[in-house]
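Step one of this worksheet: look at the structure below.
Labels run A, B and C following the written order; every chain starts at residue 1.
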Amino acid sequence: MSPASDIAHDCALRSRIEALNTDYAHCIDDDRLEDWPGFFTADGCYRVITRENHDLGLPISLIYCAGKGMLNDRISAMRTANVFEPHTYCHVVGAASVLASTGAEHRVRANFTVTRTMSDGAMSVFACGKYLDRVVDDAGRLILAERVVVLDSRRIDTLLVIPL
Amino acid sequence: MSPASDIAHDCALRSRIEALNTDYAHCIDDDRLEDWPGFFTADGCYRVITRENHDLGLPISLIYCAGKGMLNDRISAMRTANVFEPHTYCHVVGAASVLASTGAEHRVRANFTVTRTMSDGAMSVFACGKYLDRVVDDAGRLILAERVVVLDSRRIDTLLVIPL
Amino acid sequence: MSPASDIAHDCALRSRIEALNTDYAHCIDDDRLEDWPGFFTADGCYRVITRENHDLGLPISLIYCAGKGMLNDRISAMRTANVFEPHTYCHVVGAASVLASTGAEHRVRANFTVTRTMSDGAMSVFACGKYLDRVVDDAGRLILAERVVVLDSRRIDTLLVIPL
């Protein structure tokens, strides 16, 4: 490809990845959580891990779901079994950086912050960190083969029930 | 259109909408508020509403301006009549999601956070939520036929004088 | 150029600038600070200034580095001489607005927030404001001839050791 078409290709890929990240965030923030597993492949993996453990190569995750069954179970449990104070998230996701790309898969990183609002109106920065993703094309739509949510803080609120 | 040109079209539209959102945010954050009504159509509508009221379908807005006259009046009042402690906003607006598009109008959603800094230097997350917009093309420039600012928190600071 | 190619050109330029801003943020947030001077030209200028001083046209900067030597020295000092409590940053940078463009140089503005996490896990909004940049093309890669970091708050934490 020529440099100009390289640039156009890179811009389009970043734009599509950011559309994925935006749709993912809006899905959660609008409480359409039953749609959340749909952002993953059938055997897609979702993990939440602290930066400390991630940097040390420790595998211990705060949340670990492998495959759509576990992702769906997580939402079902939240809707039926978990008792918690109502609250909402507002994700702001930074622009995506494509770390590596094969034809079939893109390794991507993006920063995020989540502002949480409790039912009494109290707001706080609940979480921040980065998404480390493996993104694949599924019949023209980008979805996640893996999302690792790396949290900057190791002081995790016990109220980690809605996905990040 | 071919899929490739579809993708290019979608990316260009999102990019132009994000440019609108960015210019809008910078206009407010730089205190160029007299330019703020220029982001709306002549009969453009601007509302600020809590998520609680929005989800219940209640029409009660915290702020409601219909048409450029009301938008201009709001800024005039702020400049001349309102007495308040000086403060600045720093908007960070997430990427835009195009919910629906006709040739003439795009329905768009984007998340935002506003960090407020008081004159003594104190910073806080002042507001977060989403913009629900109707965006139209005005001779090659995208502007707002409607912006509904949905705030996650119902605990609204009395100091809501600068537009969000 | 035709309007359509104008739009494509503008979108590609914004996308490339945002890629620069994203890579810059990730470099710092991932503690790859030795790579940070590489985002600047050989005589690139980096300044951190409060909004108050910037708006008054006062030249007093909190940090001032002119040229890669000073940028490298800053990181060396931080790694070897400075004693401070470990902490990390999470940048979220808003979309870029191109204020002016010649063939050779682009004047750009973007908003940012930095959430700081201390080693005990405490998170806070550490800084917010805007980047005012002069961006140039260096053999196909965009880099900074100048970055002025304008901080909204004049209440600066003494712990300003990692670059913003």
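By definition in this document, a contact is a pair of C-beta atoms (placed from the backbone, for glycine too) under 8 Å apart; a residue touches a chain by one contact, two chains touch by 3 or more.
Being a predicted model, the structure only gives us computed values, none of them experimental.
Counted as hops between touching chains, the shortest connection from chain B to chain C is 1.
Taking shared numbers over all numbers used, the chain A to chain C interface scores under half, which places it in the different class. Between the Cα centres of chain A and chain C there is a gap of 26 Å. Within chain A, residues 8, 11, 15, 92-93, 95, 113, 125 each touch two or more of the remaining chains.
Taken in their complex, chain A has these residues touching chain B: 8, 11-12, 15-16, 18-19, 21-23, 25-26, 29, 88, 90-93, 95, 113, 115, 117, 120-125, 140. If you check the complex, the residues on chain C that touch chain B are 3, 7-8, 10-11, 14-15, 51, 92-97, 109-113, 125, 128-130, 152-156.
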